[in-house]
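Both complexes shown next keep chain A, but they swap its partner, so chain B is in the first and chain C is in the second.
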Partner chain A sequence: MHERLSFYIKRDSALHHLNPLTKLTLVFGLVLISFLSPWYWTPHTLLMLVIIPLSFIGKVNREFFRAFLRLILPAASFLFLMQAFFQPIGGHVIFKIWFLDITQESLMFAFRNAIRIIVMVSSFTLFLLTTHPSELMSDLTRRGLPGQFAYVIISTLQILPQMQAKAQTIISAQRSRGLDTQSSFFRRVGSLGPLVGPLVFGSLVEVEERAIAIEARGFTSTHTKTSLYDIPDTNLDRTIRWILIALVILVIALKIWLS
Partner chain B sequence: MRETAMQRQKTSSWLNIGSNFNTMTWVLIPVAIAINIAIGQIVVLLKLPVFLDSIGTVLVAALCGPWAGAVTGALSNTIWGLAIDPNALPWWPVAFFIGLVAGLCANAGLFKSWWKVVVTGFLVALTAATISTPIAVYLYGGITASGSSFITAYLLQTGQGVLQAVFSTSFLVEPVDKITTCMLAFAIVQGLSKRFVARFPRPENVEAEGGANQTQLYIAVGVVVLLVLFAAFMLRNVLGG
Partner chain C sequence: MNLQNVTYKYPLTETPALQNISLQVNDGEFVAIIGPNGAGKSTLCYTLAGFVPHFFKGELTGLVEVAGIESHNSSLSEWVLNVGLAFQNPFNQISGAKYTVFEELAFGLENIGIPREEMKTRVEDAMKLTDISDLAERSPYSLSGGQQQRVALTSILVMQPKVLVLDEPTSQMDPIGTREVFGVIRRMAERGMTVILVEHKVEWIAQFADRVIALKDGQIFLDGTPSEVLTSPLLQENGFGISRYTSVARKAIEMGLWKKDRLPITLDEAVEGFSLLNTDETSS
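Then we have the complex of A and B:
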């Protein structure tokens, strides 16, 4: 299990004990509300009053803020700057650099868009920090997701780190044999072949053996499979899910009514 | 397993979703997704101006059919979003249609020689540009966090509409990327043994016509140049000069 690629951090908190589907509904609810809400300040309020407190409830605030500063904030700031400068809307010019002008409208527009993206990405990050991938997949399979999809997702998460390690080995091996990966453009294009070839063919060779192996273990069987783990789904979970769905419908109705 | 796959092919039309999936398909999909991500990262390391992040998707689409390709694309972006960069999540419809269109082209026999693969790449690029435009416009207001957004920004400043600016940017960037992707996928398929390919649902899609040789590769490169010139010409007409 330790070889698997995931953000998951094992803690003991209320958020960790929620059913995975409830957390998934929460994420989609937050994203939909922040994108569809008719009021300007909704995404900002959601970020401050829902997502950040949730990271404290889930006891993952340290990791959450690290991901926030390293991954989310740089991308969002870049987006904010690009949009503030380049959206040609509005008349109130605040200041001008060369041919670029920042207007009050484009600034407001860029600010809201950046915050929406932050809400989207950070609520997913929070979800991934508090939910183990296999837990999510077992729960969804029990609710009727075909087992093949669960297999694809879980097995990709296992193959990926192995593949990346293999890619690193191949790059080092080819460099030690004198492959040029740093100089001119055409040299770099030329070095794509010796790097991609061994990686791809090496991993395709394993496909056939794996297919026979899982076939022998009843992969294509249509009978219902039993699960070793029991994932609790309490009344609280169900209530939270219904409240979230009601909220999303309310926001959509408001959006249509107010516009 | 091989016999059932062979029997299914005879009755399969492109709407027959089940015929795309046998056990080999389900096992190939995770490997293809890992190929997408690993090659995408090698390309970043080599600092090439393309993405090449859907080689695995095109590979599955050609070997197993359009729906298998579509599933690979959609799951690829989902997993990329879940495991590496959450920004990749909203783009899953683009990957879905890349797989679907590549598979349809392969079913139509456009994955059998170098120049036909170039045509496939071009069609895939058109689809990708069309599908990604509304996502970029409605989710990001036209300007995303990728480097090619500088072109969009420039076009916006010259007074273009948002939709037009975003579409012409992807129209400039996508063909080069997707044609290279399809040609690499074709090269990979040609390197696989016939015995191995025969175990997938649609081995007849990738039987090379008269061998894939050097001359054909040069013709294909010529076709690429022509297509890019044609695209540039069309673009100027569409945008009104």
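Then we have the complex of A and C:
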């Protein structure tokens, strides 16, 4: 558990070699276009013709489909069903279950929303699978993101599993002293106190020590920070970013023009 | 390194944690600090490392000077370039922002803007020195306590401070971890780095330190060579730990078995003292 703290899969692919910012722009570009496009067919076309092929280009298709089937698809299906049943729009009733009408309009509406969510989550998944968090943060820091901000983001990612492990230790310790964590709901709520207290106060003490430790390594130094890794930003990266920005603007313009 | 009449009070407390401490440490000296809980050992470490007064507020009077610079007139991020600090819990010393040991060690160098090539050489050299080169690609969180503490020490060493301040670096280590960490500390001292070490494990101090300072109630209680300080009868009376070799020899004196005039602090000295006994018997 300790070795794997991010979704990142180390592979050698064209997608891995893109600059993190380019990939981030790609994610936001895909999301914005699928939400803002005036055409109904845009989101699922993007999914089929852009996101899925990209997962093959990035050589992470297996991991991508695993996440897709286990996480993204079930969540989106649930969203689809809820909206299809409970969206009171349209008149073309296709079938009825008890008092619930399924109309053609509500089906279309639910499908579009579900597929937009799929585009959003799956493009982020693809991003996380192919981008190392430290690379992303060093690149963004180099571009002017405050170092403190980057530190907060990235250390949270790492420290959460540690907190989880510590919570587990505290639970075991308290149970060995007879704390009831397995009977009725109310008893369990009552036993949260002895679990949360040590975790929170322990973490506060740790925060001070960690602050001292990073301070001892020049965290607040006024020197311009350097980075261990050279994160390339090629002409190709810049071109892709500008094209994406242009596409988003185009879609927004079309949306305004066609409405 | 020079401290004159240093007195410090933490915010919201009445009694000062350090009282009137004056101390000169020469370059390359290895100074061990001992003392019971609450004696001000950690506070002294924080003061030497600049965290008092730059991180902990409160009242600091007197002069703290390292390499001719006064800590009052320096910023913390500049001060840490001269004085490196490592402390007890290795886990809390890991930045949490890095995924491999190599990146972790480079963290401090990135912060102070060292160019990439120099950064790599410095990290590689430091890893060789502390014998952790084989851990370079591991996650710092997957290591044992002793390994983590060596990573923490190395992360300070790459910054190349003139003085190394260590606050009980082995208190959470098992015997193997302790030996690993002391191995590193000794190598640092041998390379001429000034080392200030707070430590309870007196046997280790006796082997390595040039000088021992005993702190009590925020004041310097004893200051001298290891054999002067560690064999002082005042230590045990005031709740300090003493070397087991010294205790054995004290017992031996009571039983008339110790013939040397000085008490031992290391295994070798104890063996030497007792072997005198043997030669006496054979000659008589």
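A few points about this structure:
Just so it is clear, the second predicted complex is superposed on the first by the 253 of 259 C-alpha atoms of A that agree within 3 Å, B and C clash if a C-alpha of one lies under 4 Å from a C-alpha of the other, contacts with A are read in each partner's own complex, and residues count from 1 in each chain.
Rule of thumb we're sticking to: a residue touches a chain if its C-beta (ideal position, glycine included) is under 8 Å from a C-beta of that chain, and two chains touch if they have at least 3 such contacts.
Worth saying up front: this structure is predicted, and the values here are computed from it rather than measured.
Once chain A of one complex is fitted onto chain A of the other, the partner contacts of A:Leu250 are absent, as it touches neither chain B nor chain C. Judged by the touch definition given at the top, the superposed model places A:Leu228 against chain C, while chain B stays out of reach.
Of the two partner chains placed by the overlay, chain B and chain C both lie in contact with A:Pro133. When the two structures are aligned on the shared chain, A:Tyr151 is found in touch with chain B and with chain C. Residue contacts after overlaying the shared chain place A:Phe219 against chain B and chain C alike.
When the two complexes are overlaid on their common chain A, residue A:Ile171 makes contact with chain B while staying clear of chain C.
Comparing chain C and chain B on the residues of chain A they touch gives the larger count to B.
In the superposed model, A:Phe124 lies in contact with chain B only, and not with chain C. Of the two partner chains placed by the overlay, only chain B lies in contact with A:Met163; chain C stays clear of it. Put simply, chain A uses residues 5-6, 133, 151, 155, 159, 206, 210-211, 214-215, 219-220 to touch chain B in one complex and chain C in the other. Interface residues of chain A facing chain C in the complex, by the touch rule stated above, are 2-3, 5-6, 132-134, 137, 147, 150-151, 154-155, 158-159, 162, 206, 209-228, 230. Chain A makes touch with chain B in their complex at residues 5-7, 35, 71-72, 75, 78-79, 82-83, 85-88, 99-100, 109-110, 113, 117, 120-121, 124-125, 128, 133, 148-149, 151-153, 155-157, 159-160, 163-164, 166-167, 171, 181, 185, 188-189, 191-192, 195-197, 199-201, 203-204, 206-208, 210-211, 214-215, 219-220. Note for the complex: chain B touches chain A at residues 1, 21, 23-24, 26-31, 33-35, 37-39, 41-43, 45-48, 55, 71, 75, 78-79, 81-83, 85-87, 89-90, 139-145, 149, 152-153, 156-157, 159, 184, 188, 191-192, 196, 199. For chain C in complex with chain A, the residues that touch the partner chain are 46, 49, 51, 55, 75-78, 80-81, 84-87, 89, 92-99, 102-103, 106-116, 119-120, 138-139, 141-142, 152, 155-156, 159.
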